[in-house]
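Scrolling down, you'll hit the structures one after another.
Two complexes follow with chain A in common, the first pairing it with chain B and the second with chain C.
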Partner chain A sequence: MPRVPVASEDERKFIVDGIQSDFRLDGRTSRMYRPVLLATDVVNTANGSCLLKLGGTIVMAGVTFEFTRTSQESPNEGRIEATVDGSGCHSLRIFGRQRHLFTKQISRSLNYILNNPKCFDREQLCVVKGHHCWLVHVDISVLRYEGNLYDACSFAMKAALSETKVPSLQVTHDEETSEVTVDVCDDPFQFGLLNVSNLPVFISVSQVSGIHIVDTTLKEDSVTLARITYGVKDNGNIVYMSKDGGGSLDLLNLRSMSKVASDIGPQMNSLLLDKIHLSKAKQPLWGHVNENLLFDDINFV
Partner chain B sequence: MPDSLSSGQQHMSLVVPGTILTNDTSNFMRGHGTYLDSTKTKLKSSVAGCILKVDRLLCVEPKHMRYIGEVGHVIIGRILKVDQTRWIVDTNSRLDSYLPLAAVVLPGGEHRRRIDDDERNMRQYLKEGDLVSAEIQIVHQDGTLSLQTRNLRYGKLSEGILVQVKSSLVKKTKNHFHSLPCGATVIRGCNGYIWICPPTAATASNEQEHHTGGYVRSIETISLDERKTITRLSNCIQILNRYSIPIYDTSIMNIYSASLDYEINQSIEPKIMDILAKQTLATQENIGTYE
Partner chain C sequence: MLSNTNCGWVDGPEELFDPLQFAVDLEMTDKSSDNGVRDVNSLKNDDRVFISKGLITKANGSSYVELGLTKITCSIYGPHETTTDESYSKCLLDTSIKFSPFSRPKRIDPLRITYENSNEMDDTEEAELCSMLEECLLPCILLHKYPKSQIDIIIDIIQEDNEANLLSAIVLSTTVALIDACIELYDTVVAKSLKIDSNLLTVCYMPNLAQVSSLFFDGELTTNELDKYVDECIKQCHILHKAICKVIIDDLKNKDQESKQTKIA
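For the complex of A and B:
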């Protein structure tokens, strides 16, 4: 959690008082998210992409495929890895090594849920068992940072993966020579889709003077002492947990924070799913190339 | 950001980097934000912004830029460091600004020479992270600003919300301290920092006795109603900034009264923001105050 001086002592008191009366700096209640806006299929060169705005935080996710050999440990599984890059972001006011560590922490969390077989089925990325598989890169870049990067990154990743077009391949197996040939299909409109229905989203719950709030902004981060990021599935099950910040938490707090996360998790999951459907319907309207459209909120859902 | 709201004429003068401003280089002079291309036959824009023409001089004023100070401007700054005899202040300008110890009124309003004790106690008055309202006293050769808070109107800011907007949007007027009829005080810093706080006696009346320079901390907590007004104003000013509408007391009040139809937490939703911005522009044009 970046700790930059964004508020004076009196400002902090104002923020804490507001949270205690369930009225935050922008009028939200403790369990409200900022508006989520997303547009899918925004990058021509990626198999799947998504631009997501969570209030002022803007992230862009792109999914690309690479053809590679399967690993020895898991011969019938493909590989997937997520990276978060914040190097081009001016509003992320952490510099040097700290910035790298901050974004790396997020990509590590994302990789954790991607490599959990209960969350993401990597067998769908296998092309020829024991031979070839896809290596999927999920590249997330931070375009603007105004708090709660964890959740924004996981939303963007889920949206981008659910929209990803897997290139279709023709696998021919020669019985006599036992040679396997893989050909890329000529038709660009023939593609498969990934199953991401089990993929959790991150819900970060912060504790500010005994009250648990979600989706903290940059200013609210300055009064947050402890934060837990939960990975919550659409049925409310928690599959991932990581603590952030120096403050301590007791068991009672932990329990009520998990309760908050598993309450909100299904809501955010279904909201995201709705938005992805809407965005997919909107895609043919504007197709590829026109990046200018991204500056107008009308093109987001 | 949404530019579709601005009128047609403004669209004509908006340029992006690389736009050819003129082919007639002999009759125009190269101003700020422009450059001659390698063939020396075309004058091009080097920033994104509005064209400004003064006789033969051609300039481009960037839309997003760091604040360029002028003497007498009211600004809001955040203390970055406490130095030997001065505070180093962030004022959204290219270089850090300075607030010398000699340029503040000491608590109690004593007028005397600053002694070593004062230097030692500097952190008690203002420490890192604190916000101050101040006036620009000197603009140095390199653009560094020297500030002063000699008037008791200026000084440390207590509880409230700071909103950061584009400095070009803050309309320069006679008064930058407004106590709005909706029950809040707004200080529009020319550097794009806008401070919203509960109404204080200091700005409500002109009597000097009420001014404390902010060094006396009040222990009263802010009521929920006041907090709601402040939050609504802060959301409204952020909408004005997003839609590039000039920010001054009338425009703030216009958008505030338009936003009363909605809940406060609705005014961060893009659709509502769009409606509010359009309503504000419409009322401004009706009254004829929009420039």
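For the complex of A and C:
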């Protein structure tokens, strides 16, 4: 994870003491997230999109569909891929190869949950069994980084996918020549929706001198010893787990961290769902004419 | 002869210990080959482990590990002066993992262009293993002892048996090679993967410090089940740790005897 050097040993102590007395730099408690603001369907050219602010971290997710052949190994499943791009973000603090490795790691984690059959049903992306399927690209770009990119990316991905309009198709099967033809429907108001109810969100739990905190900011990252990113479903089950930060953990800490994650995961999941519904209701209000959309917090829910 | 303090050179550490006093004899009923251990009794047939070190003599440290049918060599070059300017205060780890073309039933094309920025899922497998390995080695190496330098870890996967064994074997071979290269470590890292149904859990564990250095999980479990899985992994890690200790202590004893014999001669 990217780290900023903390100015002095005193500042480090100040941050750690704050965490230990359950009052962090921005006034949060250890189990509290920064405010999540999101707006869905912000890009006209993408099938689904989401702009998400998690405190100072801003990410934009766009979903696009591509028509391809099914693979031989899984003839009745479509394909889905996530990429994370941080090349245009100066506040990411790390450069060159290190930055590439960091964003790659996030996209790998996202791909793990997307390709887990218990989280996302890829059969809904299949058009004609054994012939055609959708290849869905979830492209996330980091606009601003102030800590906790994992969680922000997974929130944005879930919000974007739940608002994605799947182009409706007309499949005709010719009995005589046994040819299958697929046509895209002309009517732009005919579309399907993806089922993303099982898609988990990432909850990153960091350990700072024995205390477990969620949603670390940049400064807190620099005093973090180890961090585990959990993929948590809305029922509290854990579907993904990976560690970064370069420190080690004992078993007791590991246990309480997974408890923290499975407690907060369902809360964040339901919060996100509420936000998505609110954003859907708010969309007709601003339409696509508001130029200040990306900068005005009024447009977010 | 000039004394050491006068010319400013220090030949070695101030205190010296006989390494054998740290070695604890392990009671393991197994057939030992000349430089390795084949542990048959305590593990299942497909979890059989063979460890040997010092395979590649030109490298600073090297090892060869068989875990089940997975066969892996690891060689370590360094610590040597770093070529990049990313970090000066700490040592840099540069890992590279390569599948040999014949390591899987389906041929892996060695000429395949593995650009870092390509979007192909398959290309990232080696890179992914690299980052996992680095993550699990970072807590165990005393990196601050080697400032302005880097350690190159080069791993060749000769044969891959199953997905679950792979990372475990890679970590095992790297640990043995790091010891062979005499790089200072807090503890030996051992990794064990469990694959039950569609759940894959890998835990990298440092048995003497009782610390988990890295872990990875893909599947679906409740927290209680996950804790049970982690416990099971750690149990298996202890067995692997014994196997590593056996190899290293035997090696140490052999070297000790050799040096004594040359002294007599």
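What we mean here is this: the second predicted complex is superposed on the first by the 296 of 301 C-alpha atoms of A that agree within 3 Å, B and C clash if a C-alpha of one lies under 4 Å from a C-alpha of the other, contacts with A are read in each partner's own complex, and residues count from 1 in each chain.
Here is the rule we go by: contacts are C-beta pairs under 8 Å (C-beta built on N, C-alpha and C of every residue); 3 or more make two chains touch, one makes a residue touch a chain.
Small disclaimer: the values here were computed from a predicted structure and weren't measured.
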For A:Lys243, select first, second, both or neither according to whether it touches chain B, chain C, the two together, or no partner.
second
If we overlay the two complexes on their shared chain A, which of chain B and chain C does A:Gly88 touch? Say first, second, both or neither.
neither
In the superposed arrangement, which partner chain does A:Gly210 touch: chain B (first), chain C (second), both, or neither?
neither
First, second, both or neither for A:Gly55, with chain B first and chain C second:
first
In this superposition, the partner of chain A with more touched residues, chain B or chain C, is C
Chain B-facing residues of chain A, complex:
5, 7-11, 13-14, 17-18, 21, 23, 25-29, 32, 34-35, 37, 55, 295-297, 300
Per the touch rule above, chain A residues touching chain C in the complex are 81, 83, 97-98, 100-101, 104-105, 108, 111-112, 116-119, 226, 228, 233, 236-244, 246-251, 254-255, 258-259, 262
Taking the complex as given, what residues does chain B use to touch chain A?
1-2, 4, 78, 128-131, 157-162, 217, 221-222, 224, 227-228, 231-232, 234-235, 263-265, 267-270, 274
In the complex formed with chain A, which residues of chain C make contact?
86, 116-117, 119, 121, 124, 127-128, 131, 135, 138-140, 198, 206, 209-223, 226-227, 230-231, 234
